[in-house]
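Structures are listed in the sections that come next.
In the two complexes below, chain A is the common chain; its partner is chain B in one and chain C in the other.
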Partner chain A sequence: MAKRLLTYENAVRWAPLLVLLALMLLFTAINPAFLTERNLARIAIAAAPALMVAVGVTFIIIMGSIDLSMEGSISLTAVLFCFAFVQFGGTLAAGAWLAVPLILLAGAGIGLVNGLVHVRLRIPSFMASLAIGFVCTGAAILVTGGDIVKIDDDVFRALLTWRILGFPLMVYVAALGVVVAWVILSHTRFGRHLYAVGGGEELAHASGVNVGRVRLVGFVLAGLFYAVAAILQVAKLGQAESVTGANFMFLSITSTVVGGVALWGGIGGAWNTLVGVLIVFVINNGMVVIGLPDYVQNGMLGVLVIIAVILSTDRRSISFVK
Partner chain B sequence: MTFQRLKSHLPWITLLVLVAVVGAVDPTFLRPVNLLGLAGDIVPLFIMALGLTFAIYIGGIDLSAQSMANMITVMASLYLSSLGLWVAPLCIAVGFLLGTVSGYFTTRQFVPSFISTLAVGGVCFSMAQWLSGNRALNMDATQRDALFGWMIGRTGIIPNELFIAVGLLAICLFIERRTTLGRALKAVGAGELAAAASGLNVGRFKILAFAISGALAAVAGLLFSVKLSGGAPTIANGFLLPAIVAVLVGGTPLTGGVGGVLNTAIGTLIVAVIRSSMLYFGIEATQQQMVFGLVLIVAIALTIDRSKLRLVK
Partner chain C sequence: MSTFIKDFIEKETISRRNFLLASAAGLTTAAIPGVFGGGAAQAALTDPAIAWSYRDRASAYWNSIVSGGEAFVESIGKPKDFLVNLINEGSSEKSLADIKAFLAKTNGNCAIACDANDSPNARPVAEAVQAAGGYISTIWNKTDDAHPWDFGDNWVSHMSWSDEKPAEQTARILIEAMGGKGGIVHLGGIAANNPAVERLNGLKNAIKDFPDVELLDAQPADWDTQKGAALMSQFLTRYGDKIKGVHCANDNIAYGVIEALKAEGIEGMPIVAYDGNPEAVQMVMDGQLLATVFTNPHWGGGITAALAYHAAIGSFKPSEEPKEHREFYGPTIMVTAKEAADFKAKYLDSVPTYDWTDHWGPSNGQIQYK
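== the complex of A and B ==
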C-alpha cells in the first residue's frame, strides 16, 4: 500500500466516529433495548435542538472565537417566537407562520449585536457574548414577567408528532440544518474565509480577507441557528419561558469540541459537530438506560470537554493559555 | 489631566457620583444605618468577587465561582450537624482543591481557563445535585447560631459580615502587595512570557491564583448558606454576573496586570449602589440582569488594555 492508513491525522479525524460506534456497541451489549427504533428516536428528539445550537457555535469555534450567549439568545428568541405565534393567530394556517421568519431575523439580529460588540469594541468574544447572553436572559425575563407562554397548535406541533420512518419531522429539520452548515463551511467562499481566520488571522488579513466582516457574518449565522434551535425547542416542549435556553451553553460547546472541532480554530466541520452531539446524547441516554441518575450529566460533560480539549491540543504550537 | 491618568481614579469617582446622585434623589439613602446595611448585604458577593480578582488579575477567568458557591451551600448545610465548626475548613479546602484542578488543567494541559472552570463548575453542579438529592436543605437553627452566629447579626450598627469582609480584604491585600506570590501574579498579569523568561515558575503561581479564587468562592458560599440557614444546588445563581461586573468596574481589566483587590472592594460597592438605586428609580428586579449585562460591556470596553491583545479572538 502506498498510503499508510494508520497515520496520526487519520486517527484524529476518525476517532470521534469510532468512539460513537464503540459507545453504541457498549450500551447495546449492556442493554439490548438501547438499539431499538423507539430509543433511537428518543435520542434524536432530545438531540435535535442541541444539534442546531452546536452547529451554530461551530461557525464561531472554527474561526477561533467562542460564543457563550446561546442560553440567553435561545430563551429570548423562544419566548418572542411564542408571543409572535399567538399574536399572528395562534395556528400556522391562520398566518402564525409569519413568526418563523420574524424569529430567524431576531436571532440573526442578536448575533449581529454580539459580533458588533466583539469586533467593533474589540472585546474578547467569550466576554462579549457572555454579557450579551446575560442581557438576553434579562430581556426574556422582562417580556414574560416570569410567566410561561404556551403554544397550542397541532399543525406546528407536527414537528414533534408527525413521524416519517419512525423519526419526527424536527429531526429532519435538524438534519437539513447540518447539511446547510456543511455546504456553507465546505463549499462557499465564506466558509473558506472562516477557516482562514481560524487557522491564522494575520495571514488571512494579509491575504485580503476582510476579517472583521467574516467574524460579523459568523456571529449572525450562529444567531440564526440558535433561533432554529429555539423554534425546535418550543415545538418539543409546546411552551417557552425565560429558562428555556438553560444548559445549552455547556452542552453545545462540549459536543462541538468532543466531535473534533478544535477550540483553537481552523479545524473540524459540521459532520464533527453532528458526531459530537450524538456522542454526548448517546452517553446521556445510555446512562439512563443503564440506570444511572441524570444529575451525573453535568459532571460527565465537564470531564468530556476537558479530555477533548487536551486531546485536540497541539502542545508544540502554543506557549501558554489564559 | 489626560484620560489615561484619570482612568485609574475613575472607579472611586464613579462610586462617589453614584452615591451623591442617589442621595440627592432620596436623602434617607445616605443615613449611615442604610449605607452599612447595604454594604453588609453584599458581602457574600464581595468575597466571591475578591476571589475572581485573582483569576482575572492574571488574565484568566473563573466561571466556576457560582457553581462552587452553590455546592458549598449544600455541603455546609449537610455536614454542619456531624462536623460542627470543622465544616468551615472542609468547605474552604474543597474550594481550594477544585480551584487547583481548574488551574492545573489551564496551565499544565493548556485548556483555556473559561473552559476548564466551566467544566469544574459542571462537576460542582453534579456534586451539589447528588449531595442534596436535588432539593433544598435546611440547617439546624440552634446549631447554626451557636457555631456561626457571629458571622451574621450586628455589632452596634455595623453588620458583622463587614468585619469578615474587611478581614479577608486585608489578607488579600497583604498577599497582593507584600508577598512574593503577589509580585509574581502581577508579573504574570503584566506579561506572562516575560515573567516566564525571567525564571518565574509561572505555572505554579497561576495554579495558586485559581486555587485562591476557588477557596474564596467557597467562603462566599459558606457565608451565604449561614445567612440563609440552608443550601440548594441553584441557590447562589445570579452571583456570577454581578461578581464579574464588580471586578471589572473596580478597574481590574480582563487583560489583567493592573487593578487588584482594593479595586474590587470599590467595584462591589458600585454594584451595591447600582442595585439599590435601581429600586429607588423604580427599575424592577427583573430588569437588573439586563442593566448589569450592559454595565459589564461598558466596563470591559473602558478598561481593557488593547495593546496586550494583538488579536481579539
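== the complex of A and C ==
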C-alpha cells in the first residue's frame, strides 16, 4: 500500500517547485518567447551570482541565525579579486588564476571574522554580520576610491561567453555550488549539526554538539560562497566597484525564504534555495518579457513573494511568528 | 558630556521649539527667518568652515565633485581635509540631520555645498541653513517652487543641468548610426529622478523627427550596471532582433548593456550613454559607445563650494545678483569618437585649473521652468 501522496507535508514540500512551474506556464502563455533556450539562459546568467549568495546564507538561516554581511562581503571580495587578477598578470594564462584561491580564502576569512564576532563576543548574528558588512563596504570604497576596476581577459570571461548546451560556463559553476551545498547539508555530520542547532540550540548543546564551532564553520562556509558569488559577478560584468554587492541582501534572503527555508531555522535545504532563487528571477524576467509596466513590477514582486511564502512554509508547527 | 554634544542638543531643542511655535502659527517658512532677524541684516562671516553634502563615495561622479571641492579649498590656502564631507548615503533624513549638526557645530559660521538628495528636501535644508545664519549653494535637486532668492542671501545659488537637449543630441547620433530606422530601447535612471525624466524626454523629442524609428520600451535600470545588464537581456527576449539601438540614461547602465550583449555574442550594437565618466570616454574611443555627455562634475563641485564661501565672506551679495546668477544650468559637453581623444587629454588625463572666482563663466543660462 503506497503512502498517501496528497498529504499536507507533501504539498508544502513541493509547493515552491509547483509555484515555479505555474509561473513559467503563465509567462509562456502570455509570451511564448519566455520559454526559449536563449531566455532561460538569460535567467540563469542573471541568477547565478545571486544563487551562490542565497546558498551561502542558507547555511546561516538553517542554523537559526541571520547573515546580513553579504553586500559588503561581495563588494570587497569582488574588488580585491579584480585587483589581484590585474596584479598577477591580468590574464588567467599569465598566472592571474592565483586570484581565485586567494579570494576564496579572503571570503572565508571574512566569514570567520563574522562568526568570531558573533560567537566569541556574543553579539547577535543580525548585528554582528550587519556591522561586518558595513566595514567591508567601507574597505571596498577605501581600496577603490570609488573607481571601477575592470578585468579584460577573454579566457576568464569565458565563464560568461563560453556556452555548453546553450548555457554559459558560470551557470555550471553555480550548479556545482548547489550540489556541494546539498552534500554538505544532507550527507555530512556537520550538516546534521546545522539542522540540530537550528531546530533547538539547547537540545543540540545537551546532545554534545559543539554549537559555537558549528556556528563558526557555518559563517566560514557562507563567506566562501559569497566569494564565489563575487567571482561570478565579476565574470558577468567584467568589472567590480564598491557597489558590486548592492541589492544582494534582499534578493538572497527573499529567495531563500520563498524557496521554503524557514527563517526560524532547522527547515529547508539547498534545493529549496535553488527553487527560490529561480522563482524570484523568473518573476523578474517574466514581468519585462510579458510587458508589464514598470510601476506595477515592484508591487507584483511583493505580492508574488507573499503568495510563495504562504504556499511553501509549514506554519502549523510554529506557535508564533516574530 | 562634551560641550559639543551639549551645544548640539541645545541647538536642536531650540530649533525644534521654534519650529513647533512657528507651525502652530501656520507660518513655518516665514516665521523662522523672523526669529533670527532675517538674512538681510547679516554681517559677512570670517573664516567659515566649508562642507560638501552628497550621496556617496562609491561613484566616479561624486568623487569628481569632491575633488573639485578640495581643489577649491586648496585655492584659498587650506589643506584638502578642511573640506568636511557630509555623506547622506541616499537618505534625505540623513542629509538634513548632517547639515543641522554641521550648522550647530560651527554655530552657523559655515559655507555648505549640497545636493539635497531629493527635490522636497532642498527647502528644509535651506530653511535650516538660513535659520542658523550659514550659507548654502545647491545642485541638482530642488522643487520648482523653491528659489534661492526667497531665502535672502543664505541660499546663495542653485545649479542644475538641463539634460533634455543633450539627451536629444545623443539620441540623434544613435538614430543616425541606425540608418534612420528601427527599434530603440531606453534603459532609464530611477523613475522619479529629474534627470531620468529629462533624458527620456530628450530621446522622445528626437524620435518625433524619424517616422521609421520606434521606441520599443523604456524602463528604469536605476542608474545601476547590474540592473542595466539584467534589463537588457530581458529586452532581448521580448524584442529580439527588433532592437537596433540602445539609449542609456547613464554610463553605468551602458556598461551593463555592453556586457549583456557580449554574453549573447552581439557586437556592434549602437549605444549611447550619459555622464562622461572616464571608462565611458575610453569606450567611446574604442568604438563600444557612440557618445556620452560630460557635465564637468569637478568644476561643479568646486564652484558650488566657491559660491557659498564667497557669499559667506562677503565677496559678493547674492541678493544683489541677477536671477541668472542664483539659478543656472551647468555646462554640458558632448563626447563622440571625433572629440574623445582631445576631451580625454583636456579633462581626464590632467585636471584643468579653474579660476574659482569666475563664478558663472562656464554656466549655461538661467534655469527655465515649464
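Rule of thumb we're sticking to: the second predicted complex is superposed on the first by the 290 of 322 C-alpha atoms of A that agree within 3 Å, B and C clash if a C-alpha of one lies under 4 Å from a C-alpha of the other, contacts with A are read in each partner's own complex, and residues count from 1 in each chain.
Just so it is clear, a residue touches a chain if its C-beta (ideal position, glycine included) is under 8 Å from a C-beta of that chain, and two chains touch if they have at least 3 such contacts.
Quantities reported herein were computed from a predicted structural model and do not represent experimental measurements.
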Chosen between chain B and chain C, the partner touching more chain A residues is B
Q) Where does A:Tyr172 make contact in the superposed view: on chain B (first), on chain C (second), on both, or on neither? A) neither
For A:Val303 in the superposed arrangement: first (chain B), second (chain C), both or neither?
first
*With the two complexes superposed on chain A, say which partner A:Gly146 touches: chain B (first), chain C (second), both, or neither.*
both
Review point. Is A:Leu263 touching the first partner chain B, the second partner chain C, both, or neither of them?
Key: first
Q: Figure out whether A:Tyr295 sits in contact with chain B (first) or chain C (second), or with both, or with neither.
A: both
Inquiry  = Just checking: does A:Trp97 make contact with chain B only, chain C only, both, or neither of them? Give me first, second, both or neither.
reply    = neither
### Message
In the overlaid three-chain picture, which partner chain does A:Asn285 touch, first (chain B) or second (chain C), both, or neither?
### Response
second
The intersection of the chain A residues contacting chain B with those contacting chain C is 141, 145-146, 295
Contacts from chain C onto chain A in the complex sit at residues 56-60, 62-63, 191, 217, 219-220, 224-226, 229-231, 233-238, 240, 255-256, 259, 262-265, 279
The chain A residues in contact with chain B across the complex are 64-66, 68, 117-119, 121-128, 131-135, 137-139, 141-142, 145-146, 201-202, 250, 253, 257, 263, 265, 293, 295-303, 305-306, 309-310, 313, 315, 318-322
As the complex stands, chain B meets chain A at residues 58-61, 105-107, 109-116, 118-123, 125-127, 129-130, 134, 192-193, 196, 202, 241, 254, 286-294, 296-297, 300-301, 304, 306, 309, 311-313
Given the complex, residues on chain A that touch chain C span 31, 33-34, 36, 38-39, 42, 45-46, 141, 145-148, 150, 157, 160-161, 168, 233, 236-239, 241-244, 246-247, 284-285, 288-289, 291, 294-295
